[in-house]
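Look for subunit A in each of the two complexes below; its partner is subunit B in the first and subunit C in the second.
What follows is the complex of A and B.
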């Protein structure tokens, strides 16, 4: 277990090193200068020169990269060029917003898609079942930014129930903070809900054809008991992997939704960082994303092993 | 299953309760206004910020020795009196008293000296200059708490107009980027990167006390979201596009219009051979129907034929107006005479600015009428800054150049030695004029020089100057008293909430 974890950690760190190197070289090739991007056409030559000196941008590219690696080994992610603040601080400030949005979206995904998916598998051929099926197709097809604007128009503009851009920091107004995440959460989770419903339905229908289900029926168990006690446990495994991927996706920041609702999360920060050619900030966020992906998949594998002991902690079936 | 049902019920209750608009706590309501802005700040430190978008917000926090009126006239602010020696080598400033900074510290001459020394990189906490704007200052003397004497090393006639720079308390420089402190009508109350900045009224403000107690500047990176927020009343003040002005609910929102002191122009790179020919440049100017462009994209905007907005009335040369009438036949003749009947060139346009993209599309159609093939090359803003602004790797481009208080900072953009002379224009007579204006103290004489400089830009058809695009600023009808200035400034100190 520990060995496997360490192997994974080592491979993730190597990947991260390669990714950081790749990003660094891409940033050298693509056009754009972080100082000009920050100051714009009004740039004062003296201030421009000073900022280049202060942020070490007057050094050769390789020296800058090595500086970044050395600082990283000391636990310092460097200073953002755009914001002139420590990268750690910027990520730490944005992380709670993305985490809250993730929790809320994931809550919606789990508690809407699981019961609906099960119900749909059980009532596959009913009229309502067909309707929900069609609805899930629509849910996958609708782009999240379009849904976001529609939600704003309906709940914000027409009905006036929820704020369009009501983001307030949790520390200032916890209630306002939660209200501001309602619509973005729905916009993010809709397509994921549709995906999980379809996956779970297909997986349950597959399992229902297995021999053990026939045996259970012959034993006289009710359909609900068979479904929840026996089928769900087996049908849930592929869904768990999908849920893991969805969770990681949301955790690493929904660039489109965070921007549309102006929520200062990781996604919006990454967008600003790329637009501003803010290399230290992009590198810092990449590090965060790599960590989430590594530990996210590790968690999913461990959970899979717990649910089905035949699966080892590397996610392989024994 | 029961647990799932229970959780679903909790979720439903949460959803419905969250839709309830009543705030949960009895928060005392302040006279508060929300202003929507399109971008984050380049720095909260007033001496490290250059972006117009930052300036128009931060001017609410800071006061300078001078300020401007609605017409762009310079008047004293923190200065009670400014005495200028005949040779323009000494400026004696008597400070207004009492003036308090946001931290309740009284302003003295030491703070003023610190401010300018910091800008010039002559303080312990700032050893490098932050700007080249004040390098004409040789030394600063503070004979008493209320008097500051600036000794100059050379004549800088624009010096007075530069004194609008924010005065900050002595020693506060290193902290300004985190917690800006000034002497303006509002004080800093918090900033969240990507979200916005909050300000509270500065109750010890030295001028007329604002009526508003709180102002929130919220960042809306998505223009559609900002517009929706304006319509539902979440935002009180917001800049709009022309399209958006057509769909505002006029019973709730008023749209103010004003010139921006900006010049929208097609820059022509003189390194590109056809543009070295005066006839070609003149032909392009005649081929463009500016009236049509203005009518379609920004009705009411002043049409331009030089790099200066009429909003800065005193120095503006009216004779440049309508210098190039819309005359496609003449354009064709000129192109023929120049030997460029089938001229083809590319125009790099920054995609982040839909206004410039729309203008470019109209221009393309108009130029086609005279046989000119203009290819559009849409590029990202950062690429524009690197390729066009920094490296001049382009044939033609379109951009808006922001105007400043002093004509030197506008007209020097066409000087041969200007750091970002991305048009590669060089005219020694023009250079001499600009240099001469810098040393001319007499305002009348200086005005004549600048007017001549503007006429040179017109006659030489250095670029295709189009317009000073109208600013459309939406204001919720519950407010009154919002004014527009010839520089970027959303002045909240005069805004009132109607009863």
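What follows is the complex of A and C.
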């Protein structure tokens, strides 16, 4: 366990290293010389050199990368141009809202897709089963923001049950806060729910063909017992491996949906940053999300290895 | 033709997908031949008109005909989708094929790069490029093309690893056929069905990403039309003109659904061939 843990940790860290190189290249090398674009081509060369030295831009790219990584490790993500504040502080301020939205979406995915997926596997050929199956295709294809607008239209404008904009801070009104996250959560999680249902259904149907299921049937166990006590345990593993994909889906969803419902989270911060061309802020948020995703994948990896010891160090099933 | 009918009957996923794609494709072709109203000319007399015999899908906040704009914007969707397929085929496939076939340090490098790109959600990767290069049609196409590369490279790499130990590939190597010829003449044709599946699903992804970026106002910019952009304009007028939000969203959904179904259907079809 410790050896495989270290192997996996090393692999995640090397991925992060490459991601940091990629981000450094995109934000520091591609945009060209920030001094020239700031001062214009006819600036005083002495002033130019002074500024360059001050910002550490006179060094070769490798040295600049090292400087950057060292400050990252110290927890310094840089300073936002627009807000004139440390990037990590801005992220920390917006994090609770995005986190609440993420957890809520995740909760919806688990509690809707697992029972529905199981039911669908059992009643695969019933009319309702075929209907739900077709519906999952639609759930994957529908853009989250269109779904969000439709939800607003129905529950907000027509029925008047839920707020369509007004985000309410948790500290002000916990109930109002939950109400304002209800529709965004549904919009974010719908595609993931559809994906999990399809995955679980396929996985259960696969398992049902195995010998041990036939044995259990011959022993006289009821279909429900077989499904819940024997099949589910094995069928769940492939579903576990797409947890990482779900994390990416939710994060991507919140980037878009936070703007639809004006929720002041990290996604909305990112958009503000891009609109005002605040590159340090975009860079910091990108790095932050990449780190969350990488460690998310590491966690899923370790979890699957814990549940199924047959999974070897490379993540394949032996 | 008989064979065709048999497939259509047995593979409903493929059939429905193909019909949806063909339908939207013909709308796109129609946009070059006929548009009911000038799609980009504002008209203050016709602002936010509900659907009628003159304006089939109503008019937007500037008085422009929504149906004509939907038709025009289908070009953008097909353009970004095709761009992503071309980028995947020209850059992703050779990269993955070479990595899987040669192995060693080159493959390790390719694999690491693909892993790194997986750590950044694709929409974020696109936003990263947009924040550096600015918004607009060409940057949107560039960003979506970059996103396609890992998808195709991963698929090609897996196939190359599976195929390279087959006897006939080993023989071509033994009799001294150059590697580039083995890759493109002997390995590539085997990828045909996987490529079709990847291209279909990749096309759907590209359309969805473009719509998302343009909806955020960070993708295609006016006067270039986009379904995503139309949807965000519709959202601003949700209270006065709720019907505006239907057509553009439905168009995105149908095109994405069509290509997803087409991809799934093609996959079923090639699995079936393999079993036979």
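Criterion: the second predicted complex is superposed on the first by the 236 of 318 C-alpha atoms of A that agree within 3 Å, B and C clash if a C-alpha of one lies under 4 Å from a C-alpha of the other, contacts with A are read in each partner's own complex, and residues count from 1 in each chain.
Keep this in mind: a residue touches a chain if its C-beta (ideal position, glycine included) is under 8 Å from a C-beta of that chain, and two chains touch if they have at least 3 such contacts.
Values in this document were obtained by computation on a predicted structure and should not be read as measured data.
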item: Partner chain in contact with A:152 - subunit B first, subunit C second, else both or neither; value: both
item: Touched partner set for A:161, first subunit B, second subunit C, both or neither; value: first
item: Touched partner set for A:230, first subunit B, second subunit C, both or neither; value: neither
item: Touched partner set for A:93, first subunit B, second subunit C, both or neither; value: first
item: Partner chain(s) touched by A:140 [first = subunit B, second = subunit C, both, neither]; value: second
item: Partner chain(s) touched by A:290 [first = subunit B, second = subunit C, both, neither]; value: second
item: Most subunit A residues touched (candidates subunit B, subunit C); value: B
item: Touched partner set for A:31, first subunit B, second subunit C, both or neither; value: both
item: Partner chain in contact with A:260 - subunit B first, subunit C second, else both or neither; value: both
item: Touched partner set for A:201, first subunit B, second subunit C, both or neither; value: neither
item: Shared subunit A contacts, counted only where both subunit B and subunit C touch the same residue; value: 31, 149, 152-153, 157, 164, 259-260, 275, 277
item: Subunit B partner contacts - residues on subunit A that touch it in the complex; value: 31-33, 36-47, 50, 53, 83-85, 90, 93-94, 107-108, 111, 114-115, 149, 152-153, 155-157, 160-167, 169, 173, 175-176, 178-179, 182, 224, 228, 259-262, 264, 268-269, 272, 275-277
item: Parts of subunit C lying in touch with subunit A, wherever the complex brings them together; value: 112-113, 115-117, 119-124, 127-133, 204, 208, 211-212, 215-218, 228, 231-232, 234-235, 238-239, 242, 245, 249, 252-254, 256-257, 260-261
item: Contact footprint of subunit A on subunit B as seen in their complex; value: 1, 4, 7-8, 11, 15, 18-19, 21, 23-25, 40, 42-43, 48, 50-52, 128-133, 177, 192-195, 218-222, 224-226, 228-229, 231-232, 234-235, 380-383, 385-387, 389-390, 399, 401-402, 419-420
item: Complex contact set, residues of subunit A against subunit C; value: 14-16, 18-19, 21-23, 26-27, 30-31, 137-138, 140-143, 145-146, 149-150, 152-153, 157, 164, 248, 251-252, 255-256, 259-260, 270-271, 273-275, 277, 279, 282, 286, 289-290, 293-294, 297
